[in-house]
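Dropping the structures in below, format is structure tokens.
In the two complexes below, chain A is the common chain; its partner is chain B in one and chain C in the other.
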Partner chain A sequence: MIWQLDLLILSLIVLCALATISVKDLFSAAIIFGAYSFLMCLLWTEMGAVDVAFTEASVGAGVSTVLFVAAVFRTTRKVKDRGVKRYWTKGVGLLAATSVGGVLIAAVGDFPGFADPLSPASTHLSPYFITNTLTDTAVPNIVTSVLADYRGYDTMFETAVIFAAGLAVIAILRRSKTGVQHESREKVILSEGYEDTIIRLVARKMVPFMQLFALYVLAHGHHSPGGGFQGGVILGASFILIAISYDMKMLLGRMSEKWNVLLGNIGVLVYAGIGFVCLLLGANFLDYSILHRILPATDEIMARSHGMLGIETGVAIAVSAIVVSLYVNIASQGKHDKGL
Partner chain B sequence: MEYILAKYNYWIYILLMMIGLYAMIAKNNLVKKVIGMSIFQTAIIVFYVSIGAKRGASIPIIAHGHGHDVIATAVSAAEYANPLPHVLMLTAIVVSVGTLGVALAVCLAIYRRYNSLEEDEILEQLR
Partner chain C sequence: MIASEQAVALMVVLPLLSALVINMAGWFDRRLCFPIALFALLGSCCSAFITVSRVIKSGVIHYRLGGWAPPMGIEYVVDHLNALVLVIIFVVSLLALLFSYKSIQVELPEKILQFYTLYLLLVAGLAGMTITGDAFNLYVLMEISALTSYALIALGDKRALVASFNYIILGTIGASLYLLGVGHLYIMTGSLNMADLQTILPALLDARAIAVAFVLVMGGVWVKMAFFPMHGWLPNAYSYAPSSTSCLVAPLMTKVSVYIMIRMMFSVFNPNYIFVYLDWGRLVVPLATVAIIFGSISALAQKDLRKMLTYIIVAEVGYMVGGAWLANVTGLTGAIYHILADAMMTLCLFMVVGAIIYKLKDSSMDSMEFIFRRMPVTSVVFVIGAFAMIGIPPTCGFFSKWYLISGAIETSQWHYIFALLFSSLVNAFVFFRLFEIGFFGKKPADGHDHHAPEIAVSEAPVTMLVPMVLTALSLIAIGIYTNEIVTVLITKTLPVGL
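Up next, the complex of A and B:
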């Protein structure tokens, strides 16, 4: 950790945060927010949180920006300024922000110093994970072993939350094509009728490599940064790339809505199903060490490693399906006719 | 001065959180409110990851940890950053894209009905 670099990145982050909430153009706000996420990713790499940085790079800087751009494209680009001074709301906002901030600043005095190796958070539970991950699970990436094994319940319900979010977006937005359509009066031209052979060709050639990389990130998550969440998001991003560079029909012809939701289901079910298999074999829910009875040529330690790979695969399937579903519904306002 | 420098990450996280909270309350545009919510979320993540940082520690992946033979070598907890906050925040980031999707979907549904994303215009139509 180099504090000068830390401070540089942090000041850029604060600048980006101020810029993104103050620009009048929502499209610019979305792009500046993407830059903000990317700076966050740099900050986390610098602090040693490589898995978090990887997730931020794929989710925050990638998919979130696409979702923002899609939402802005489907609504309006300009922030209307009608000259009405809203002193009352701004005053309440400032008051709330400063009072919450003041309470938190008062509490900082009780925090341990930044990066103190003897802070309470680093001395009670986490040394167990660090010292035992190899002997318990044979997985050198501690983040993966804690995510998928020691705290498997947590991750299972997080996956269920993602799935629920996908269902909520479908419930809010999905309309049939023949219904009453409320076209926006003000068209935002980003790529309408714009068909570029170079972009299409390059995108088409990139997609298989992206998907291969996604599988690598998923499967190699035990030994390097990565895992089910990151791999799933990259896989979903490859489908989004098809939808952006061609059109929505091309994507939906290959991956229909029915299949998409079904895959989201299957992902969560794979996770919970592995847990139930453990239960059926006589161990606790999500206790993968018992899987050595049905997996060939494994002992109890390697069974935990393989069990983690299984549930990470479930996470990747669910996350990729839901990311695609979020994009398809937001970019087409739930009509599934055309995207960006 | 030393007191301020020793905890600079905590000051910045509070600053980011205040920016996010202010945007959520005071901004008139709904997409700006959603951006404020995302800034608020990342502020919390900065806080957690800062807790997990350790001076002189490496990334939480055990070096030369492949295969069966290495298991005997003892691993010192001081050499690796605290992985627990990383795990919690990794899932939080992915959940934040879920909440972002739902929030933007609600914005689109509001736009479809009221043809505006400005809070005061929507409130006028609701009256």
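Up next, the complex of A and C:
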């Protein structure tokens, strides 16, 4: 931990946060917000939370910036500040914000020091995880085993949250005219509107590597930072890259809406289904150790490791499909005709 | 035997799994959605009843998810309190599902698939919030229920989009406050398990960060339940939503939030800390009084039936918060009993309005004109629901007010008693005005003939009438069996040291 670096990063974060809410151009706001996420990512790395940093980089700085840009592109770039004269509303907002801030500052005095090895968070549960994870689950990455096994139930619903988000966007934005929906299948048109050969060529060469890397992140999550969420987001981003560098028809020609939604669904179902299989085999919900009865050549501990790989794969499938679905619906206002 | 042990998990898992199955099956045939949802909720309902009987027979149930012992893993803890709330959730969602069968076909014919998937996810979220014994897991499930309800509300007309957007902003602020509070607790204790937190916290009585955590958690939950003055999002969100949505969301969301408040107050923190050390009961009960009076007066000013009901919800939230913060056994009993009573009353009245909208495409007060002749069964259900809201004896509304008022007398909180009586009076006024319109039509101000026109009976369809009648009967049954409900379930949940 280098406090000078932390101080620099933290002050830049505050600057970015202020710039995001004060800038009038929403496109700039989205980009500055992406920078904010990258700085957060640096801060997490500084704290040693590499898995969190990875997620922040792929989700916060990567995909959500693209989604913001798509939303801005489809709505408006300029803030309409109609409520300039409503001082009363602003006063209430100021009062609420300062009181919450005051309450938060009041608590700081009681907090343990930064990276204090004697803090409750480091002494209460962490020693158990550090000493027992490998013998309990045969997974060296403690973060993965806490996320996917000890607290796997949380992660299942986190995946369901993403699924619900995708579904919510479809429910609100999608304008389904049966018949029109399948029209785009006829032919994959490579170009419509603005083209750039260099961008297309580079994107085209990058996509396979991105997808390979996504699979690596997913599969290597047991041993190094990464896992289903990060892998899924990178996989989804590779599809979004196709849609941005070519056009939406190119993407939808390769991955139709129906398959996209079904894949998102199947991903969550893989997760919940593995949990349910454990329940059917007579153990508690999500108790992967019972899976050794149906998996060949595994004991109870390896069954937990394999169970985690199974659910991480489910997460990756769900996240990648839903990220694509979010982009497609937001960038085309639910019409699925053309993107950015 | 195994089935009855796993019933605890099945309650949450069945709606989740069936939501996913519906979303897949629905792509092939939309007619499959409703039966799958129905069977899933029936299964959950049965599991809930099995669990309640187990809790009554053998006490608190612990269920380890993933087989990990708490506080390392996440556990379900079902005691008498959340067993009761779980039954409410599944009964209400089952009845509202039956009710939605017809209305959804009229209101959202193109989004049936998404509606039922989101509906079941919402039920899974609400049940998961109620059943969990882990403070962070509660937040994850809160996200599920919030996200799905934003979408379900936004499916309404154009105004619903703006209402839902306001709800998203405020709901997210509420959830963030809750998460910050849990974060403070984690920093100070290193644990997320509620039972574990409760054993650690008394040693940290003097830490200011713990008080801050308590403020943040309560603030978050209050935004979520639309407690005055954080109620701004609720009236529009609930009244512009599709009526099938509001039948599910209006009875359950605020009630589950009240449950979470009670759970956090007494199962994470403790009465001694809240009422003796901090002594904030004297601050919150007056706020509840203001909430009740504000909600009632606003309800009086409304011309739209659903808007009026939503302001009554704001007042009812004041009842429950006030009851829980009275710091005595009677008040808390009243608050818990009112969770049950108010969920059923709200469901009853929202279904009536939904049926009226279904038949007449209108939810203004004028639509009640001659309703007693036009829709006789619906209007009888309406009368029972209204009596419960006012608090007329055989219905459950009377008994919850009885407990709340007795609790307030014990601690001499006269302003709260005044607010309760005032709110009853306002409810009586509002509903009797509607009865009058329903019987005699609007006053013939401009000299029309006094004879009512001939109106043919045209009732709502059977799938709407059955849940409506069942709910109305349950209002009376809950009232009659008040004593049993209180002794068998509620008194067992009261915290030690209150």
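We adopt the following convention: the second predicted complex is superposed on the first by the 316 of 340 C-alpha atoms of A that agree within 3 Å, B and C clash if a C-alpha of one lies under 4 Å from a C-alpha of the other, contacts with A are read in each partner's own complex, and residues count from 1 in each chain.
Going forward, a residue touches a chain if its C-beta (ideal position, glycine included) is under 8 Å from a C-beta of that chain, and two chains touch if they have at least 3 such contacts.
On a predicted model such as this, the values are computed, not experimentally measured, just so you know.
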Clash or fit, chain B versus chain C on superposed chain A: fit
Which superposed partner A:Gly275 touches (first chain B, second chain C, both, neither): second
Chain C versus chain B, contacts on chain A by residue: B
Chain B versus chain C as contact partner of A:Gly231, first or second or both or neither: neither
Touched partner set for A:Val161, first chain B, second chain C, both or neither: both
Contacts of A:Met40 with chain B and chain C, given as first, second, both or neither: first
Contacts of A:Gly310 with chain B and chain C, given as first, second, both or neither: neither
Partner chain(s) touched by A:Leu125 [first = chain B, second = chain C, both, neither]: both
Chain B versus chain C as contact partner of A:Val100, first or second or both or neither: both
Which superposed partner A:Ile172 touches (first chain B, second chain C, both, neither): both
Where chain B and chain C come nearest after superposition, their Cα distance in Å: 5
Intersection of the chain A residues that touch chain B with those that touch chain C: 100, 104, 108, 111, 119, 121-122, 125-126, 129, 151, 154, 158, 161, 164-165, 168, 172
Footprint of chain A on chain B - complex, ascending: 5-12, 14-29, 31-32, 35-36, 38-39, 42, 45-46, 49-63, 65-66, 68, 70-71, 74-78, 80-91, 93-102, 104-109, 111-113, 115-118, 120-121
For the chain C and chain A complex, residues of the former touching the latter: 2, 6, 9-10, 13, 16-17, 20-21, 23-24, 27, 63-68, 71-74, 110-111, 114-115, 117-118, 121, 124-125, 128, 136-137, 140-141, 143-144, 147-148, 150-151, 154-155, 161, 177, 180, 184, 186-191, 207-210, 212-213, 215-216, 219
Contact footprint of chain B on chain A as seen in their complex: 1, 3, 6-7, 10, 13-14, 17-18, 20-21, 26, 29, 33, 36-37, 40, 43-44, 47-52, 55-56, 59-60, 63-64, 67-68, 70-72, 74-76, 79-80, 82, 84, 86, 89-90, 92-94, 96-98, 100-101, 104-105, 108, 111, 113-117, 119, 121-122, 125-127, 129-131, 133-135, 138, 140-143, 146-147, 151, 154-155, 158, 161-162, 164-166, 168-169, 172-173, 182, 184-185, 223-225, 229, 233, 319, 322-323, 326, 329-330, 333-334
Residues of chain A touching chain C in the complex: 100, 103-104, 106-112, 119-126, 128-129, 149-154, 157-158, 160-161, 163-165, 167-168, 170-172, 176, 258, 261-262, 265-266, 268-269, 272-273, 275-276, 279, 282-289
